[in-house]
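Okay, got some structures for you below.
In the two assemblies presented below, chain A is common to both, partnered first by chain B and then by chain C.
Our next item is the complex of A and B:
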């Protein structure tokens, strides 16, 4: 088991190394000097000296990369150019907000996607199936930023039920406030991902329904509800776990657009602000952090999958 | 015509795209539409006979800007798909045809591209090279490479085992002859489907970048940028963000429907002779 986890992590290492090389090389591709990109144009001579010393900007490139990576592994991405705070602190502040939105969006996606998939898989090619596959196409095709704007127009501008700008309110502190603030962005993301969930689970269910054991169960006279609930659904949910995990992972960083629509203070918005301000240490830190979380969840999902599916051994 | 009746969704999509294309490339030549003309006596007007989609915060005609934005959007998407195809298809071709270390190295590189959500990659790239139409085009194009590479590779892998490809090899045809004259011409149909679907993804991604304020810089009209500005005037002029968004959404849905219908039609047509492929040799 531990060996399996380590092996999966080791497979991810080249990807992470290559990506980190690209992220590091970013500041060298920026027009102007890398020192300027790292400390900003208004830096004092002391700050410039400190950065040159910390990253050894006068040493060979490979050594510079090594020392940057070394610091990055310790969570040190340097100071933000905008307010001279450590990049790690800024990132850590945003993680709870991003997690709350990502998890609630996945919950909305499941609540919408699973019934849709069940309803359409039980009567494939029927009228309900056609309508619901239309829903999936719509959910995937409508840009999240337009859907978000429509929701704001309806619930905030017209009905005045919910705020048009979503703040981060921790669920633990104020459940009602958290609901008011997270509902619209979670709905926007959730509708989109429900399209993916529905398509995927429908295909998995149809695959299982054709299996021999379903015929056996039915011929034994099992009620249809038990055949579906106990056998088919269980087997179809297995591969589904992977896709749910992957989507949740991509919400961590991929919710950039939705966070922008609702001005929600998550990790994605931090990245946009960093890009706007040309705050390169913060850009590097955000992208590296999002990448590590994304790959980490990927590995976790693989492990979880192997754990719940007895047919997969850790070899 | 028979195909259009059989697939009404795709037919509607083609009709809508034709209208958008016609409007964006022909209408400016005959109609007095100026996307940059400002009129400060008529700012944020609701839709009217003079301005069908209303006017924006500088009194510019929103319909004229949507039409001009279509041109930017479609040309950027086309350029991006061209880049993605010109790099992705050869990668998939070489990886699938030769296998071995070439396959391992090329596909690992593609995996790295896939490791980041496309929009993040595009944003990071634009952060480095700066905002311009070219930057948006290249950034969106690069995110499309994995799609082409994977589709082409899968298709080449399936074709590679077929008798007519083996025959070319047995008769002493060179690798490049076999690759470009025998395998590639038979791999086009899924690549074509990928072109249509990726165009819709490219339009969406370009609009998302503009919405985030890192796409094509203003004052050039772009759909994403109009949504970004329109979002600031939701109370004063709700139609400002809604109508350009509607055109964007319909364009994306049209392309997506056409792509998926095309995939199904090609599948049915090829079904007969592709079905035998999957049997183990």
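Our next item is the complex of A and C:
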């Protein structure tokens, strides 16, 4: 089991290395430079030269990459060009907030999506199924920024129950405050993702319900809820955990719009700010961090997969 | 209705919205300890009848009539009562053991959960009871096995697990729906033996649903023959097989190739079974019936099932009388002279690499084909038989050049084609064509039949040169299809017609050799006979050579001139057809032949069956010495140590690879 996880992680190392090179090259390929932003419009050529030398931007590209990689491996992603703070510090501040939002959004999505899928699959093409698939289409179709603004208007502006600006409150320190601050953004993302979850799980359940082993289970005289709960669900979970993992991973750094609507201090917004400022070290650090979390979630999904399906062995 | 009937079905009708009447008035009884065989081709309504008995039909199905199981009227019972009935009184064995078990739950739990759910076994005693049930169906090490998952069991063991599951508790009725159709003959013999043993122990009534007349002749006490949703004939098994009254029953028996004799030609039933939504008026069999086709009575009135006073009944206006005459034997002198060697395969090996996970290093080989020698002469048919996984399909594909060959040599018309360049291989492939097993999957669903048949011509740039559409129309006629059908799509054809299209496609390039990979395995008996006859006619007209790959030993005996028996990637015995079937010398051939159930109930107890131990091992871990020795009843020390040579057996035109080759029983002096 531990060997399996280590092996999966080891397989990811070349991916990370290639990705780092790609990120690094990409940042340099886009037009614009942080120097202009730092020195201001009226800088003399000497000032510009000095800044370039100070940032090490005059060295050969590969050398720059090598020294960046070398430091990155030691956990040092350099200093942010904007405010001279270590990139690692900036990112580490955002990671708990991002994880808290991403995980609670997926939890909301599961809480809304799974019962919808189960109810739909039990009576396919029934009135409930029709209503629910209409709802999941709606959940998918409504833009998140619009839903976020609606929620703010309702709960923060009209009802004044929740803050309109969501700060990060660690759930360990202050569960009530964390709930108040995370609920609206998590609901915004969760509603959207519940549509995806419901569709995937419903399709997986319906596919499994046609399988021969379901007929076998019914021929044993099992109750329909046991047929679904004991036999069908576990098989349907196999494709489902993949999509849950992917969507959760996508919230890490990918929930920029929602973070912006709620001014939530997540990784996505940090990345956008870094891009605006051409803050190369911070951009590289953010993307690498997102990638590592993404890979971590994928390995977790693989472990879950092997746990659910005995046909996959850890060996 | 007799009082002791476990199950009594009267006037059962099942209709599906939009699909017509699948079952149209079926009556039968099953008694305790009795095996009723229900025989019919696909679409005859036999499986729908079974599902109706267990109350597992789709909710959209409309059921009329009466199904009484003990004191319970199934058609009127509520869901909860039906559920209790399924848990306590009825067990069902389904066809495909690879899909009937849940892949993610342990075997033991699946075996016992029905009993636990119905309070027949306490939850605490469940695992011990599950192991005991597995023991009863001869699963070795049942306690450890109960904790394993289906993928860790072989096909035959899975079906025995399903039997253990279905027969757990004191079931009064067992419904076995094609229980051995997905299994190899040697495994089928094991499973049928287990089924019979468990039936004796429990005294349950059994309904055996199958298309395999051999299995019915072997196992059933009484037989009901279904056609187009009705029972057309029923009676004791001897009467059905020896004195069939209904022309359909007789037709089925006449269209069946037999293992123990050779007929000059099969007599197939013309046409194909009607669809439930478009039944002919009058007798539904009339369009295919030689007797009733021109009778007005048959065209107007659907005959009722009438008793003949001897426990038999037939639904026919003009029932047959007397014994079924045997099919004409082939002329002894008609043996055709065969041409020169067309295809010579020497020491062919196809190995697939097993690679490690991380670095993809080769850590072993699956020896799918491991030293095969074959010769096919122009105009003759060589049968290649063996159980699934023995490498027969791989051999066929390697000969076609569709797979990389590890070593050995394939010569076609004298030319070595193993290491031929692509362009040259294309030229050779024109003369060598492949017909696939599954006619449903091997035709492109978005092309018309005409385009499918013309495609090889277009690929080789010969379409215009060879005659274009007129030539393709000729091919259609040659395989017994109307040229009008060229514009139809594959889904508009029946299985047998699709296989005809597959054959027409293979014939398009005017090949000299057809590699036929299980060409009739997916077809019903009456359709199978049509295709077999077509293949024989084509061979005569066109002088084709066939490599006939099959697992059905009866069909092979009927169609082949010579037969090679394959086991774990090697040919173990090869001979002339009649010599191989009448005087097999390799123990594997002997057990294969003895495992085939014959469609004659009189031979039931007279044939001595060799039931092989275990199942075919994985070609990734070949046993030492003779690869058959772990299952062989003659094996001794030398067999585990030395690979036997493939050489001539003295006194017979037979090649055999066995240290202890010899006749099944010592010949009487």
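The rule is short, and it goes like this: the second predicted complex is superposed on the first by the 259 of 315 C-alpha atoms of A that agree within 3 Å, B and C clash if a C-alpha of one lies under 4 Å from a C-alpha of the other, contacts with A are read in each partner's own complex, and residues count from 1 in each chain.
To be clear about the criterion, a residue touches a chain if its C-beta (ideal position, glycine included) is under 8 Å from a C-beta of that chain, and two chains touch if they have at least 3 such contacts.
The shown structure was predicted, so the numbers you read here are calculated from the model rather than taken from an experiment.
For A:257 in the superposed arrangement: first (chain B), second (chain C), both or neither?
first
Does the superposition put A:276 against chain B (first), chain C (second), both, or neither?
first
Contact-wise, after the overlay, does A:221 reach chain B, chain C, both or neither (first, second, both, neither)?
Once the two structures are laid over each other on A, A:221 reaches chain C alone.
Name the contact category of A:26: first (chain B only), second (chain C only), both, or neither.
A:26 sits against chain B, while chain C stays out of touch.
Check the residue A:211 against both partner chains and state whether it touches chain B (first), chain C (second), both, or neither.
In the superposed model, A:211 contacts chain C only, not chain B.
What part of chain A is shared between its chain B contacts and its chain C contacts?
No residue of chain A touches both chain B and chain C.
Quick check on the complex: what are the chain B residues that touch chain A?
Chain B residues touching chain A: 108-109, 111-112, 115-117, 119-120, 123-124, 126-130, 200, 204, 207-208, 211-214, 224, 227, 230-231, 234-235, 238, 241-242, 245-246, 248-249, 252-253, 256-257, 260.
Would you mind writing out the residues of chain C in touch with chain A in their complex?
Checking each residue of chain C against chain A gives 54, 56, 83-88, 90-92, 94, 96, 99-106, 110, 113-114, 117-118, 149, 151, 162, 165-166, 357-358.
Which residues, counting only chain A, touch chain C once they are in their complex?
Going through chain A, the ones touching chain C are 7, 10-11, 211-213, 215-223, 226, 230-231, 234-235, 238, 308-311.
Residues of chain A touching chain B in their complex?
Chain A residues touching chain B: 14-15, 18-19, 23, 26, 29-31, 137-138, 140-143, 145-146, 149-150, 152-153, 156-157, 164, 250, 253-254, 256-257, 260-261, 271-272, 275-276, 278, 280, 283, 287, 290-291, 294-295.
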